[in-house]
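As structure tokens, here come the structures.
Common to both upcoming complexes is chain A, partnered first by chain B, then by chain C.
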Partner chain A sequence: MPQSYTNKIEKYFEAIKIGFRSEIIYPFNFLSEGILVIIKVAIMTALYTASYQALGVSEINSFGVADIVWISMIVESIRYSIFPIARPISDSIRDGAFAYQVSKPYYLPLYILSTTFGQGIPFFLTNFAVGILACYLIVGAVNFTLFGLICGLLLAFFGYLLDGVIFLIIGMSAMWIEDSGPLWWIYNKAKFILGGAIIPIAILPGGLREIAEFLPFSQVYYSAASMLVKFDFTTFLTYLGYQLIWITVFGLLALYLFRKGVRHVEANGG
Partner chain B sequence: MWKQTAAKYLSYTLQIKKQHIISKMEYRWSFFVEVGGMFFNNATLILLWYIYFQRFPSINGWGFVDSLIMLSVIALINSFIYFFALGALEMSSHIYEGRLDNYLLYPKNVLWQIVISASDISAIGDFLFGLSLFLLLPDIGIWQILVFLAVSILGAIIAAAFSIIFNTITFFAGNFENPAWAILDGLMTVGNYPGTIYRGAMKIVSMTILPAFFMVTLPISLIKSFDVLDFVYLLLFTAGFAAFAVWFFYFGLKRYESGNLINLVK
Partner chain C sequence: MKAIEVHNLRKTFRVKEKSPGTWGSLKAVFKPEYKIVKAVDSINFSVEPGEIVAFIGPNGAGKSTTIKMLSGILFPSGGRIRTLGLDPASHREQLSFMIGSVFGQKSQLWLHLPACDTFDLLAKIYEINRTDYLQRLSDLTKAFEIEPFLKTPVRKLSLGERMRCEIVASLLHRPRILFLDEPTIGLDVIAKQTIREIITKFNTEEGITVFLTSHDAGDVEVLAHRTIVINHGTLVYDDSTENFKKDYIKKKTVEISLNKPLRNFDFEEGLVTERDKYKLKIELSIDDNSLNRFLKYAIDQFDINDINIFDPSMEEIISNIYLEQNLKTKSALPNATIIHQ
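This part shows the complex of A and B:
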């Protein structure tokens, strides 16, 4: 690989390290998120135990209570590890800092994605470790496979990228709509409802399940979580295809908005 | 005497809140987008419970309408705490950065000033959503509306007191901002699910460490079927919990170290 490309890539690895180091100095911060994961595991167990009992079934579409709780734990572990980058981007556009940042010797969207990826690592590792322990103690183990683990992690990476690109678009929308906060809330809520954290897509009724599986909200984290817990190669390929479609669509949109937007931003002097 | 003091504090609070609204109205488009956005954001949760109850008709006697009452109560609680008491939620950073000096110098009660020092304008969207959803529910009369407003205010006091207690830990442990937010999130998360699902240890947790039972479950039960004794229990719990939060804050305040930052304009 030519030296110039290596240098370019190294910059973003450094950004990941900076993000990581900036968070590990506050262990209280990421350890406290682990508490939320434990609470969520306990709630999901209570909710689905009561719901399955009410229906008088032990499985729906071959998913039992333990599968649902594990899937929910993985989705939440990732969700609680993500830094909502839309808000700082939106704020920096409003206060003029964005115009200063774009002049730096890096590609700003990639720099933001890399830094926040690094920041999220200690949160994810803590959440995941605490979540595994909580799930194991509360609902017991599920069958992880090595292949499922590798494929699940691949989907999790693309899911992170998809989420980051959508957040970038929402953050950059502040160039035109002044405050992108409401868009950010609604996107988060869409992920909450159709992202499998509360109602796993697998137990939704037929038509709704197919629509929800295709939408980007479930492809952000649910696809990875469901493959980790119940691996199926055909479903994996389908999810991977959906993710690549959405990453391409939103990636091109983000690129267009970034190029168009940098011509409009102004730095606030002073 | 106490009536005069209460009137003075009420007037002072309303003046501060008026200032918060005026400053937000400076960006008029942003103001309406935030309020409307929060309204829509809350409304999407109706879809979540609708989908859920399509799959599971009832959970231990809890149905879709119960979830709608729950959404109304939580929206109103959120509106009260984020509009009137956002300062309680953000207190940790003021403490560890030594920025309480302003409040210590003014003649009004320190804790009260901190609690009302900030507002999130999107809380108006929460209020409009909570109230309008509740008014659209079946069999709602004046009495239910009064009970709904009363129990939501009590729920907001519990949430604010809870936040004060965990933010006060900053006096002893240093930077406690994220844990305080995470624990408040934990309380809200427990409150956001049907109260009838909690059994055993979770029931005990929801009545003690994360008192969602008193903040949401008991209020919903009172709205559906008012019981004087239950209401008295709720009042006593709220008063006791708030009193403990106030005592704990002043106990922690003795350990406050100033950052020597004086900024007269907030």
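This part shows the complex of A and C:
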């Protein structure tokens, strides 16, 4: 029988551990992702070196080529570490597997987030390590600070949580709209364009930059990447505030949809 | 307190329908049509603590839907359920600590990891004290003989080994009711026998109530104290398995394949349903012991390559139940279904 709140929390740590273990048995999977990060760093370096040269500037909004390449590397490292859980959730709702997972004594959305967080850890560590080495060799070092690193990693964690909650909502929408694929596609493209994956938000013009910074898409991984490379305490607090606002909004929506949707869940063969 | 109580339980599903062809597809986009399917239609039964109840029926009869409602996976459309005194729909978490479930077609094990990793996870999920967990796991490992493959990734296990691990996973938290949905599906004869023996052992030793669905009449014969038959969402039979066997599993089919051509076949009982040079299929009655006599005859007379014994199919059993019902209805019996409690 249930014992304590510690036990209730421990199950999610165990879920993180089993997610982690399930991925490290296939090291080629996450090592190959590391190779993609190297390629991305090389492309970004060539692209931004040529762009800055064409514009005849060495910095845009105080960000030089090296800063932009480092930010892009961190964005890509986090991006490739996050499991797009919307699709498996949507598929499991459609094939009935979701219903079976509901019958265990845990809070299923939190369990899913925990296992996928664990699954992402080996990818993030590899991508980050390989990316740091590639950036250091290709564009040289930037000014990391220990405090900036801690704050950046905190933003990365909340960014992961935000992304996971949005993916949960998209995945669970399959309880009503059958196929959540189009929503998943739109969200990914929005993250790609407005989330700093293709154009770092730091070099966008003033008004557009402020809007992009407030939107959830940039708070998934860009905010963490920019704070790791160029730490500023006020900006850190602003980003943290934005993240907490979006996590609360989408978290409550996910909770509402889960409670409402679980009554709609049907299972194959009954 | 009853282990399970069900009153007027109903479950309906809304199923989208589409006319064939492109026009049908376009029409379904703008004006979708739905039909209501009655999966379970006002059923009533109860299960005593410690009973093993087989809940059987053909595909689409409503057995899996019922087991899912009893265990809190699906919400009923109407009626009342009490599993260990709790309403599964509103007390799902509380109930999940007291029940175990195995769904033959859905694994709860992490496929790429050894089963012991999933057991560790489940111990935390069910909030089992570490010492209790290790003792329980040791006991179950011995009982289910899973020690040799406890550290092998689940995807590399045979179906029978995997199913044993699935049942261990469902027993870790000492459930009071075990729901088994098609636990022997796809297993070979030996693996089926092992699973049946283990279920019986835990029912006897720990008094676990077992509620199982199956397509296999063999599961019913060997395991169940009581048999409930469901078809088209309604109960058509509820009686002891002893009576069920007496009433509906009256014959077996024996199939033998031979190393030498079949000659001089002079066994006079039973009904030969298939015969060629190296193969013989014959239906034999259990009541008059002709099955035993045939086996003895075959072993004495033929050079046998392989021998298989089949129970009547579930569809055949159901059609016999209906046949009997019709006969009884014609004899002006008041009930359309045969329910003995």
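One rule holds in what follows: the second predicted complex is superposed on the first by the 266 of 270 C-alpha atoms of A that agree within 3 Å, B and C clash if a C-alpha of one lies under 4 Å from a C-alpha of the other, contacts with A are read in each partner's own complex, and residues count from 1 in each chain.
By definition in this document, a contact is a pair of C-beta atoms (placed from the backbone, for glycine too) under 8 Å apart; a residue touches a chain by one contact, two chains touch by 3 or more.
Remember, predicted model here, so these are calculated numbers, not experimental data.
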{"item": "When chain B and chain C are modelled together on chain A, clash or fit", "value": "fit"}
{"item": "Which of chain B and chain C A:Arg263 touches, first, second, both or neither", "value": "second"}
{"item": "First, second, both or neither for A:Asn7, with chain B first and chain C second", "value": "second"}
{"item": "A:Tyr26 touches, of chain B and chain C: first, second, both or neither?", "value": "both"}
{"item": "A:Lys40 touches, of chain B and chain C: first, second, both or neither?", "value": "first"}
{"item": "Chain A-centred angle between chain C and chain B, computed on Cα centres after superposition, in steps of 10 °", "value": "80"}
{"item": "Which superposed partner A:Ala54 touches (first chain B, second chain C, both, neither)", "value": "first"}
{"item": "Partner chain(s) touched by A:Lys104 [first = chain B, second = chain C, both, neither]", "value": "second"}
{"item": "Which superposed partner A:Ala15 touches (first chain B, second chain C, both, neither)", "value": "second"}
{"item": "Lowest inter-chain C-alpha distance for chain C and chain B in the superposed arrangement, angstrom", "value": "5"}
{"item": "Residues of chain A at both interfaces, chain B in one complex, chain C in the other", "value": "26"}
{"item": "Complex contacts: residues of chain C adjacent to chain A", "value": "13, 39, 62-68, 71-75, 92-93, 96-97, 101, 103, 105-106, 108, 110, 112-113, 117-118, 120-121, 124-127, 129, 153"}
{"item": "Complex contact set, residues of chain A against chain C", "value": "1-3, 7-8, 10-11, 13-15, 17-18, 21-22, 25-26, 96-97, 99-100, 102-106, 263, 265-267, 269-270"}
{"item": "Residues of chain B that touch chain A when the two form their complex", "value": "27, 29-30, 33-34, 36-38, 40-41, 44-45, 47-48, 51-52, 54-60, 122, 173, 175-179, 182-183, 185-186, 189-190, 193-194, 196-199, 201-202, 205, 210"}
{"item": "Residues of chain A defined as touching chain B within the complex", "value": "26, 28-29, 31-33, 35-36, 39-40, 42-43, 46-47, 49-51, 54-55, 60, 177-179, 181-183, 185-186, 189-190, 192-193, 198-199, 203-205, 208"}
